[in-house]
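Okay, got some structures for you below.
Two complexes are shown next, each including chain A; its partner changes from chain B in the first to chain C in the second.
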Partner chain A sequence: MSLKHLIKSILLAYMLLTYSSVAIAEVNPEQWLKLNQAVINDHVLPNYLKLAKQSAELKTSSTQLCQAPNSVTLEQTQTSFINMLNAWQRIQHVQFGPIELLMRSYTIQFWPDKKNLTSKQLNLLLTEANPATLAPEFFNTASIAVKGLPAIERIIFTDEPLKTLQENPFHCQFLQAISGHLLTQTENTLAEWQTYKQEFEYLSSEEGNYESAQEASIDLMKAQVEPLEIIRDLKILRPLGKTAKAKPRRLENWRSKNALQNMQHNIQALHHMYSGVTAYNLSLLMREQGEVGLADDIETQFKSIETGLSKLPSPLSKHLQEASVHKQLLHISEQISQLHSNLEKSMNMLELQLGFNSRDGD
Partner chain B sequence: MKLRHSFVAAAISALACGQAFATASEKSAILDNYADIAHATYEDSLLTAKALSKVLNQFLAQPSEANLEKARAAWVAARVPYQQSEAFRFGNAIVDDWEGKVNAWPLDEGLIDYVAAGYGSESDENPFYTANIVANTTLKVGGVEIDVTNINKKLLAETLHEIDEVESNVATGYHAIEFLLWGQDLNGTTPGAGNRPATDFDLTNCTNGNCDRRRDYLTASTELLIDDLQEMTNNWTANGAARAELIAKGEEGGIASILTGIGSLAYGELAGERTKLGLMLHDPEEEHDCFSDNTHNSHFYDAKGIKNVYLGQYTRTDGSVVSGASLSQLVKNRAPIVDQDLQNKLKNTEVAAQAMADEAAKGNTFDVLIGANNKAGNQVVQTFVDALVAEAEAIENTIAVMKLEGVELEGSDSLDNPASINAE
Partner chain C sequence: MGISRRNFTALLGSSLLGGSLFSSTLLARGNETLFASASQTSRGLYELLIIDQQGALRFRHALPARSHHIAAHPQLPLLAAVGRRPETFIDIVNYQSKQLIQRIQSRQGQHFYGHAIFSPDGRYLISTENQMSTGDGLIVVRDVHDNFNTIKQFSSAGIGPHELKMMPNGRTLVIANGGIHTHPKQGREKLNLSTMQPSLAYIDSLSGKLQEQVFLTTEHHQLSIRHLDVNSQGRVGIALQYQGDKLDDMPLVAFHSQGEAIRLVKAPTPINHAMKQYCGSIRFDQSGETVAVSSPRGDLITFWTQNGDYLNSIKTTDGCGLTATSTKSCFLISTGRGRFYHYDVSTKLKRRISLELPKGIHWDNHLSNIS
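Coming up: the complex of A and B.
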């Protein structure tokens, strides 16, 4: 037994002594296990499968583009890029497990890029055009700023992408190399989940990654709750700015005009995780615990945010400085805050402590 | 299993027997000592900034390479107490709101002075990316004209700092001064720091143009730093606003703020933003003191600040010691094993930080260590990250222990649910 486990046990004993008299309708381990199983099998795994599929398509279409750079192959590659980006937006909220290995999550998308590093580092590589930087090994140690979706976006969504690609074959070769690296990462993530999912199949374990099903649920529930703040702060409020004019270039994926779609996919994915997984889900668990009102409120809020987003004009970057759009976005950000606070409430009610998150201290 | 059960049993029986609970006055004494240490740390930051100013005046009077070296040494010395003060930043809104003026980072240095071609000419984020205040008396951005003829404290603090709401437009503070003293570090991930010539400040033998304006910038930014540090030192005096804000939270709320502060610094800021990100980007500018290559010291003293707060003890620049009632003792009274665990983790972090400093002494500064393909160097930095993450977990454990005494942690801005005992 490690010291860490020992301390946990002691703390747990304290907690039990303190709370056992006041706790109402404690969630039982079987409920946590059921939740973990349903969310992993019907939400996490299918979304990683989709991501790997879209990644393979992007690899294929970028290969075709480089063989024959014309408007048709370019458009195909741009479409494959958007499809993979959308698939990523639907699983971006999961920040634990195989996606954590080798910095995969950051590799797929390093954003926001406050220091303009993607531009700096990518331009340098494209100017140097060193063949060694096309090798798969290069990407194992390369900066996260040059090996993900933002780098690809800069290559295929510039002012005159076709002309640039035709005149600079190296740009296309580098695009192909990044696509290849992304495919390896997404396929390996999917493959490793086939083993990692076993961590969510037991009630308690001495050797496993988690001591109990409840502890495993913490990782899943972090993915349910915390991304809402990121959507609100980074994807909405940061581009809007505090007082000065809104800054369209701070929107995520403004080059490919996908900022609004990104958020729609984010919210839909979180909504699906909350109540769309039919086998079992957080909403059902809350209802079993008698929290019907709160569960209904959360459901209504998800729907209302989805409706709000669907009413916004696209591309958002073109309309961001319009007063009405500004107002709509602020309203949505407030709704996201309320939804976040209700989900936190549900975590307290279920006595699930999510702990520090990596954004503390930002 | 047996061991675990016996420990749990021991813990339960200790509780059942009515182990000594902390009295109200103990907690109040911890808050007092914390505020005393904050005051001493900010006062030391102020004193070393004044010493820096003095050396800078000598340098400007006689801009020789030798005097520039003295100025750089004074800047490095000024960082020692300031970095230790960062443990007071998170958890105290009055500090966090003020901090951007003195230690904002990272910065787009092209706002301030000339840069090399590799810096690039434009940024998605920042229209003032290459504004170059030293070389220009007017700025034209987005059709708006700004008069920057006179470089003074008011211009830097009120007009230029965070201009256009861009955080990387850092016109004031330690890192602006650092850039003026060192210039860009153009060595990439190979050894060597910025190498600005002393003649950049020489009125008779001026290099890179506009030496008069560069001198004005250096003087104004240093004077501003002193003003700002004076303000924060005052805030922690017996009747100061920061101390009052802390006391107003009540004893338990105050203790929560302290733990919030050290946990947030260890985890999100120091382990994440300032260290792990650099490791992933392999970019020589992804280091906290990127011009001077002093990052190893900044990280070491950041970590030391956390230790000071937990142990309730601070060694001042002059060698005297401020100490008193500590959180450590409070935790120890409740759960000795939890206290011992955090103390061990603090030690591990210090060892890991020292390893980075040892590498720096050999020429392998932080930007070298984070380079792509520097596997051994990357590992030295990763060990520091891992130590901080483990430290943050141990801090979470102390919060859990505190909560059992009825500490209400709501109202702490940067912690969502600090009482986790399970989070990785």
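Coming up: the complex of A and C.
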């Protein structure tokens, strides 16, 4: 190649590079702000409201159960529990803000419980039956293993819950006390969000929790992207086991037979956050940035995972060891990996770094 | 609440201004306190940045790649920015003349692990390195007075040596042998998690002789001993990184005094969970009584007594870099989101420090106080 040609081709390459780097404009602060506002107002807050509502219902029905322990009130309490659990599964992905305070997230649900702490500590408390452990103050310092949904599940989804509750009024009183504690936690979380949401209302701030709307988006997008790995690793792969037989008791909420529904709620909530918030959402933002193909792929993947989950038999704990179920779950876990990697890709394209030391430390 | 840059000066205490004017050693490199850290810019480039007590950016030096820890020379205005695994460079920078003095290259077949220290007399630069062919850990000693030529190297007594410090006697090195075998050909992949055997090694820096080595029990063999600090009494604080099952609830901090067994300590269960099995940095305060440990994956900093008692924790998003200020129980914290915080363990007051920085800076793993 002659020198002239070489210079010409270098120039051309340079022009192409310059062109392609300006083709997609940087996301502007107004877009981040719009995303934050939409997701907070139409996704986060309504989901916390629902959680607090279901928590209140659980408190009411457990009170009624203790007043008159019969099959009707028990069933009602079990239904309220499932409703609250489902509501929790739809907001579990938000791990920042008021839910972090006082380790509330762990308080509501300490899981997985590898060392079976809930069982050990709850049994001890129920055997001791000390009235002091029913006081709200007790729960301020009590172990996280005994004050959340898993503890309630153990009380109302045992072999013969009605008989146990009728014979041991303290069990019911403790159930009521946990429900009361959960109600306080979920109501306080909701109330504190009324203040905390202000952190998502500005373009930039010197004094606020976030320096810019973009920085505030990082917390929201972490909630969008990171929980997928947890669903895959803890809710699917861990129960399936690496080599040995699948272990149904490693499924989340196998006692109340809700493991599959939990995952469905998780995925639906993430899907809603991604493209279901009508005012504005990540999918729309990506489209505005010209990433239509990737945005479509992510949408398709969400739908396909939802379809995959809907085809699984319930309760999952009963069918986990079936070869076909095993295969379906592995397939879903792969789809979740692909979805996760596409969402990570979208973060790169939007130049949003979800973590520096936290993601690539040494 | 943030605090103004002017207040930052007051916060850092008057003690470091008094007295130092008369010290010839400090005169040689100026008498002010500066803070140095490796960073990544919004464009993905790597730089060494120096911040003054007013929070103003004083110097930025472009690095060839990502680095990890910045070592300050005890007398001269020199900093060593050490390449992160598996990089092969250390940039020696004069921050007064604002010049790159030298780019040290590791020997053929070796690479750095992100940590180095200057000897207290300022004569030697001592780094942890990987002998790639065998995976054996090395301690390499370079002569500051002779263009940083290697004058000796010896075994670190383990695989994957990471942070090292000098014991108060000024001669014995304490080395965190992380135990994890990696080879640049396989990127940063960990090759021996099932057999890893981390250790804390005390080695004579002059002879290279191993004086004492402590290991963890079999149950704890996947706790990588990664970062450490030592106080004036020779108490070693250790920050761990767990490589085992995601659900295990392992101690993530440890303490050691020579001649004793390692004491593993655990924060209360929810805090220990929230530390996400990973600690990124550990530093004693000025008094040597209080210890800060960062857990960037959990956005948490935990505080401990030198004896190993848990004190409290604070949330700090992507917080990792830690350094003591000249005031007892006070620390500066740097974060991946480009922020500095001042925290006083005794008053439990956390305050943000305003920095004059270009947008989008990410502070890397470690923060150094150059005073």
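Note that the second predicted complex is superposed on the first by the 331 of 362 C-alpha atoms of A that agree within 3 Å, B and C clash if a C-alpha of one lies under 4 Å from a C-alpha of the other, contacts with A are read in each partner's own complex, and residues count from 1 in each chain.
What we mean here is this: a residue touches a chain if its C-beta (ideal position, glycine included) is under 8 Å from a C-beta of that chain, and two chains touch if they have at least 3 such contacts.
Since this is a predicted model, take the numbers as computed values, not measurements.
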| item | value |
| --- | --- |
| Touching partner for A:Q198 - first (chain B), second (chain C), both, neither | neither |
| Touched partner set for A:T307, first chain B, second chain C, both or neither | neither |
| Contacts of A:N70 with chain B and chain C, given as first, second, both or neither | neither |
| Partner chain(s) touched by A:A142 [first = chain B, second = chain C, both, neither] | first |
| First (chain B), second (chain C), both or neither touched by A:K115 | both |
| Chain B versus chain C, judged by how many residues of chain A each one touches | B |
| Which of chain B and chain C A:S337 touches, first, second, both or neither | neither |
| First (chain B), second (chain C), both or neither touched by A:S324 | neither |
| First (chain B), second (chain C), both or neither touched by A:D233 | second |
| Which superposed partner A:Y106 touches (first chain B, second chain C, both, neither) | both |
| Those residues of chain A which chain B touches in one complex and chain C touches in the other | 103, 106, 112, 114-115, 117, 143-144, 206, 211, 215, 218, 353, 355-358, 361-362 |
| Touching residues on chain A, where the partner in the complex is chain C | 100, 103, 106, 112, 114-115, 117, 143-144, 206-207, 211, 215, 218, 233-234, 238, 353, 355-358, 361-362 |
| Contact footprint of chain B on chain A as seen in their complex | 1, 3-15, 17-18, 96, 103, 106, 110, 112-117, 119-121, 123-124, 141-145, 206, 211, 214-215, 218-219, 226, 241-244, 247, 249-250, 344, 347-348, 353-362 |
| Chain A partner contacts - residues on chain B that touch it in the complex | 1, 3-4, 7-8, 11-12, 15, 90, 106, 108, 118-120, 122-126, 129, 164-165, 167-168, 263-265, 267-270, 272-273, 280-283, 285-286, 335, 337-338, 341, 372-373, 392-393, 396-397, 400-401, 404, 414-424 |
| Interface residues, chain C side, partner chain A - complex | 1-2, 40, 68, 84-85, 114, 162, 245-249, 269-271, 273-274, 278, 280, 294, 296-297, 299, 315, 318-320, 335-337, 339, 354, 362-365 |
